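The following pair of complexes shares a single chain, subunit A, combined with subunit B in the former and subunit C in the latter.
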Partner chain A sequence: MPDVDVVVIGGGATGAGVLRDLAMRGLRAVLVERADFGSGTSGRYHGLLHSGARYVVHDPESARDCARENAVIRRIAPACLELTGGYFVATPDDPLDYAERFVPACAAAGVEVDEVSPAALLDAEPLLNRRIWRAFSVADASLEPWELIDANLASARAHGAEAWRYTRLTRIVTGEDGAVAGVELEAGRTGERRTIACSAVVNAAGAWAGQVAALAGARLGMRPGKGAMLVMNRRLTSAVVNRLAPAGDGDILVPVHTVSILGTTDVEVADPDDVRVTDEEVRALLADGDRLVPGLSGSRVVRAYAGCRPLYDEADVDAAHESREISRAHHVVDHGQRDGIRGLWSIVGGKLTTYRLMAEQTVDAVAGALGVAAACRTADEVLPGSEEGRSYWLGERLAALEAEGGGDADLVCECEIITSGQLQAELDAHPDSTLDDLRRATRLGMGPCQGAFCTCRAAALLSDRQGMGLNGSATPDPNAALLAFLAERVRGTRAIAWGDQLAELWLEAGVYRGTLAVDTIGAAGNGSQDGAPSHAEP
Partner chain B sequence: MPSHDAVVVGGGLSGLTAGLALAESGADVALLAKGMAASHWVHGGIDIADSGQASSSAAAAAALASLPGHPYAVLADDLPAAVAEALRRLADAGLPYRGGLDAPLEWIPTAIGGLRRAAILPDGQATVLDPWEADEGLLLVGVERYRDFWAGYAARNLAAAEWPGGPARVHAAVVELPGLARLRNLTPLVIARLFDDPVWRRSAWPLIRQAVPAGRWRIGVPAVLGLDRHAEVLAEAVRELGPVFEMPSLPPSVPGIRLHDALRRRFEASGGRLEIGFGVTGVERSAGAVAALETAAAGRPRRVAAGVFVLATGGLAGGGLRGLPGGKLEETVFGLPVSSPSADRWFSGEPLGDGVELERAGIRVNADLRPLDTAGRVVLDNVLVVGSELSGMRYLSERCGDGVALASGHRAGRLIGVGQRATATTTTTTTTRRTAS
Partner chain C sequence: MTFTDAADRHYPAFSTDACIKCNVCNTVCPVARVTDLFPGPKYVGPQAQRFREAPRSADHSVDLCSGCGFCTRACPQGVRIAETNSRARAEMVEERGSSLRNRVIADTDLLIRLGVPFAPLANFALRSRILRWIGERVVGVHRSAALHPFARRTFQAAVARRRVSDDRGPDRTLIYFHGCAVNGFETSLGRDAISVLERNGFSVIVPPQSCCALPMISNGLYPQARAKARRNLTVLGDYARRGYRIVTTSTSCGYTLKAEYAEMLDLDDPDARAVARQTWDICELLGDLHERSKLDTRLAPLDRELPYHPPCQLKAHGIGTPAMDLFALIPGLRAWNSEHDCCGAAGTYGLKRERWQIAQDVGRGLFARLRERPAPDMACDSETCRWQITASTSIPARHPVEYIAESYRRWDAAHIGEVARAEAGTQLGAT
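Entry: the complex of A and B
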């Protein structure tokens, strides 16, 4: 008798969606994630809910999926969305004939577009290039990945599933018949090992799916495509702006909360953990960004980061392909049929916009094999937190603070309007959180000042909770959390260290080292359960 | 058209020191400052040097002076007089400091519970330098609603720290001070202004006293003990609470603002002309020298001529150096050649540790503080460079930024001397306008 029916590997949007779907069909399921939920590709993308128009010309299948799922997510997860709308715009550098192919391709793929006059576009978005000569409006939106993942996990839990973060898969156990029998796991923070017996494993590890499949002896032709993005220090546009051209570097500008994200490059990498942003990528992004918003490269970039697309080379043959041309469409791989490992499925490819559809098709296969006939209901049932049907708007947190009587004494992060109450609630729910976990849960340190002020305040809150015995036994030392968070924030500014951002980095270094001597608190320690606090990864 | 003996560009510690030396010697000097320098960001103490081992600032500075290319290699002789004059000026301004070059470097606690060494602190912070008695504890008192003093966190860190000669015990408390509940954006400046009010603080002392447990304590508080009436507030605090000292934290730094204000007042009292809000927008050159600067006055450019110019623009943090995309640095006023490690080594090592090579970037100068090009030739005859704009030091790792500012400012004043009245040249000049940054 297995412990559960299905183990899902990977706590990104896809894994969370698979877990929810399994649970809603009555299957007993558990999800394991090696780090925090949404700390991989899902948490390192540009924040765009695609209308589908990006793909209509080259990848109509993806376009159709995006258009359908865009409508579904608006219905089931409005609270995770800011309904910014979006535009496709033709700058003088874009091909004259692309629009002629774009419009009919949108119609064929079911992607709604409306042409708007350049004058109307510039009225709505005055910072855009005055020489834009053609524009279409589309149903893009700004999508908060961590809220979406949390909502899916909450729904899954409500249907009886479990999700464990900081839990690493070390082995997929197969029986003598070659079928999946269980998984071996190791808790990342305690080193505690356990074995879970199960009938099926869903590999939803995205760009890392090849590594997971290898644990069962199967081979997956993953071609991780690194995409670099830049965080601009404010919202440059109020809607998403895409170039009306075949996909290229620096062709999307997405308003995300208080900042804008400029994306994305596409570079094939051997290791999906290799997400360093190079100077060349920064240059390419800024040069193309200037074509959308002239002068953009002169405004302040507060951070550079990258994620790895889970691209899958189905044919596994044509290695000469540029990774941008590999299909973005997703594939459910049945390793029973392909490799003789019954009970193992991998879900690869796809994009965040289509996470739910990917989950549905995966669970259709798994449930069918396990003899469960229940139909998918994930497109019908609204996600927790979205019951009222309201979507996010930029002033939401400020309005909530004002409604409570205003005052900022309780604010930990001014940029993103995060109160100590919000952090306390998150820590009550997840007592083992690091500052980076809190960042994903609340956007701590993600605004224009990039953590200059909130980091110490949040670390002090962790320490105070430790003093009161409120932290879990696996809680990281507050000093280690502080130093790791600062190091990561500084690391994110290296590729864009110039101008005001470099000056601010310098002023911050002066305060953190000169006034606070934070470089000495690690050595001091404070009763850490982890032993010596690690300063940061290399 | 104003013409001066000397014009100082930059109103931080080095610029004010140079300006004061010149003004006190009777020169006609104007100081152009873009803003309030880094006053809001600094802790308000004076860091001369710390190698981690040296027993005094003088010994640590002497060690740095033996490093090739370090500013102290040129400035070491100026250091004793520079520090003495700075302490005299500050005392005259009503902001006395304790300690000196030869005073021992003592471990002092920071607001997050780190430890750093210091030997020269304003009276408001200096009580922490006294030796800890065997039965003496450290009590950290935070203020309810003020977010940037973490008494509990700091106390837990300090209790666990290896603090040579430190207190017997560390304890934390948080007090509710009157009238703060209504206030928004509760910065240290806001609280410091409340302490300036004698009526308000009469109601505050008993509340703080209630938080002090039985036994012998030295009390660390946020750096908020008054702004304009700091000396009066501090004296009263000692009467009411016993030994008490301020601990600076995140900006705005009240001790830094007090330091800046005191030097500004001395500069103006000495006859110097201070113009805040005037960044340099153009440079008028004449035969290897600078004839005049152009500043952005209200509505139109204004020409400021002088015989000699002191560049005290404060490096990367102050805006005197500006990073450009692609790992280049530019000097923002005269376009001087910048000496910098290659960009791939800027951030090698720990981002907050000793590996930040970019610290070394700056303007290379000769013994007369004249800027040099890569071949070692003087670039501009009548420009002297002082303070954090100088290359070759690591002001965070070596904690030498304030000492270099004082010594170089002092040396600039000495080199320029008295009576270098501007010989306003009307020969052919070229003006380069720079975009205000």
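Entry: the complex of A and C
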């Protein structure tokens, strides 16, 4: 008798969606994630709920999926959305004839588009290029990935599933018949090992799916495509803006909470953990960004980051073509049929927008093999937190703070408006959180100062809780947490360290190295006297 | 909108990009210093700005910003905090509307039109404690707020009868923008200003004019403010483009003409640019004359102490304290600078029932210092500051140029025979 029916590998949107679907169909399931939920590709994308229009011309299958799932997510997860709307706009640098292909392709793929006059567009989005000559509105929206993952996990837990973060898969155990028998796991922070017996494993590790499959001796033709993005200090547009052209580098601008995200490059990489942003990528993004919003390159960039698309080359043959041309469509790979490893499925490719559909198709296969006939209900049942059907809006946090008396509130993160009460609540729920976990849960440190002012306050909070005995056994030491978070925040500013952000870095260096002398943090933290990271060195 | 691209730091809301959260603005804010109701310039400025997207306003505490502008001048990164706040307030007013009280106290032209013809009655009402108490309850103007009595006749009406000097061309003729204080309340300041300018060889033209619109700007009533500003620009722009200088006796009106028509109201046409370029504060102009050895320095002694408070708006001009330089020319006059940031009045801010106490607390240090070193009266370049100081300390307050005028008058009185002899001598020599 196995411990569970299914183990899901990977705590991104897809894995969380698979776990929820499994649990809702009555299967006993557990999800393991090597780091924090949503710390891989799901937490490193541009924040766009696709209308599908981006893909209509060259990948109509993906377009159709996006259009369908867009409507589903609006229904089941409105609380994870800001309904910004979106546009496709033709700048003078875009092909004259693309619209002639775009409009019929949208109709064919079931993607709704409406042509709007450039004058009306510029009235609504005054920072856009005044020379935009054609525009279409589409059903894009801004999607908060961590909320979506959390909601899926909450729903899965409510149906009896479990999800463990900071748990690494070390081996997929197969029986003599070649069928999956269990998994070996290692808790990342305590090093504790355990084995879980199961009937099936779903590999939802996305860009890392090749590495996971290898643990069972199977080979997957993953082609991780790195996409770099820039975080602008403020919103430059209130709706999503896409270039009316075949996909390029800086061709999309997405309002995400307080910022605009400019994306994305596409560079094939060997290692999905290689998400460094290069100078070339930054330059390419800024140059293209200026075509959408003139002056964008001169306004403040607070961070650069990259994620790896979980692209999968089904044919696994034509290695010559570039990764942007590889289909964004997803595939459920049955390793029983393909590699003789029964009970192992990989879900690869796809987009965050289609996470639920990917989960549904995966679980259809798994449930069928396990003899469970229950139908998928994930498209019908609203996710926890979305019951009221309300989406968020930009001013929500400020309005809430003002209602509480504004300046009286104990703000930890000023840029993104996070009170100590909110962090305490998050720590009560997840006592072992690192500051980076708190960031994904609350946006801590994601504003213009990139942690310069909130890191010491948040670390002080961990320290206070330590004194009160509220921290978990896996809670990082507050000093180590401080150093790690600073290092991580500074890392993302290296590629864009000029102008105002450089001034910010110097101020941060003054605060932490000068005033607080963090370099002298010794053995109490994980840092050492001579090995302290030069995290605040611009 | 006046911005040309997303990096246009001239546009206040975009200048907030430069904020590095250093808190310098918070350390100089006179309002945050005295009340927890105002979360400070960093919060309501660059921080809140990232959460704002018209037409839906998320905040209200920005309305406690008095607009003194210290934050903008202190910011090492060049963030135009006060200007951002003003625009945020205007968006809030556009979305949620404005109180009748704010619309009335911001329309000084209207108040003067209503108050001056009935000055005896209106001034009786302003002195009546019971009527002021009712005014506080019904209208929301604090019963102790500084309200200056109305003049019996507007300055415009007075100068219309006394045709002021002829036009002798842009170099020798000045355009006097007297503002509402002189027009409806302190007409003698206007007369003094003209006499001082004429004594220095200028002709002075007083064109028809409206309120500069600053009270409307600071109450977030931008459309109304734009209408006033456009009327002024039509008249003043014509002179300014031809090279005439415009002189003001209020550092508030002066700064509005110099900067805020463009910065706040997005009025950025040739008229607005010419007016901004050609506008001078009267002390700035006299100081400039003196630097070029063209000021008539035949000034009689005024043997006394003179406390002087430089208003916030003067600091925005970035011209130093020309009044102090002029006081130094008057023999015996021992002027001293209050060295205090703000009196609290901030135009109409201190009038409001819910703001009066904050305004008092802001000015408390100034009031204490003025009481410590008693003097018969004191000097200050902005009218609402003068009225606030007088209402809070009982010390009369005058514009700096009034002391210059007084010194000139005394010199004339003392040298009346000399002048006659000199003129007679000139005539003799000529024959």
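Just so we're on the same page, the second predicted complex is superposed on the first by the 513 of 538 C-alpha atoms of A that agree within 3 Å, B and C clash if a C-alpha of one lies under 4 Å from a C-alpha of the other, contacts with A are read in each partner's own complex, and residues count from 1 in each chain.
The criterion applied here is as follows: a residue touches a chain if its C-beta (ideal position, glycine included) is under 8 Å from a C-beta of that chain, and two chains touch if they have at least 3 such contacts.
Source: prediction; values computed, not measured.
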{"item": "First, second, both or neither for A:473, with subunit B first and subunit C second", "value": "neither"}
{"item": "Subunit B versus subunit C as contact partner of A:234, first or second or both or neither", "value": "second"}
{"item": "Partner chain in contact with A:453 - subunit B first, subunit C second, else both or neither", "value": "both"}
{"item": "First (subunit B), second (subunit C), both or neither touched by A:402", "value": "second"}
{"item": "Between subunit B and subunit C, more extensive residue contact with subunit A", "value": "B"}
{"item": "Partner chain(s) touched by A:126 [first = subunit B, second = subunit C, both, neither]", "value": "second"}
{"item": "First, second, both or neither for A:463, with subunit B first and subunit C second", "value": "first"}
{"item": "Touching partner for A:337 - first (subunit B), second (subunit C), both, neither", "value": "neither"}
{"item": "Subunit B versus subunit C as contact partner of A:300, first or second or both or neither", "value": "second"}
{"item": "Touching partner for A:516 - first (subunit B), second (subunit C), both, neither", "value": "first"}
{"item": "Touching both subunit C and subunit B, counted on subunit A across the two superposed complexes", "value": "297, 406-408, 452-453, 503, 507"}
{"item": "Partner subunit A, residues of subunit C touching it in the complex", "value": "1, 3-8, 14, 16-22, 32, 36-40, 42-43, 46-53, 56-61, 77"}
{"item": "Of all residues in subunit A, those that touch subunit B in their complex", "value": "279, 282-283, 286, 297, 406-409, 411-412, 452-453, 456-457, 459-460, 463-464, 466-467, 478-479, 483, 486-487, 490-491, 494, 497-499, 502-503, 506-507, 509-521, 523-527, 535-536"}
{"item": "Contacting residues of subunit A [partner subunit C, same complex]", "value": "126-127, 233-236, 238, 258-259, 293-300, 393-399, 402, 406-408, 414-415, 417, 447-449, 452-453, 500, 503-504, 507"}
{"item": "Subunit B - residues contacting subunit A, complex", "value": "38, 41-43, 47, 110-116, 145, 147-148, 150, 152-153, 156-162, 180-181, 184-186, 248-251, 253, 315-317, 319, 322-327, 346-347, 350-353, 356, 396, 399, 401"}
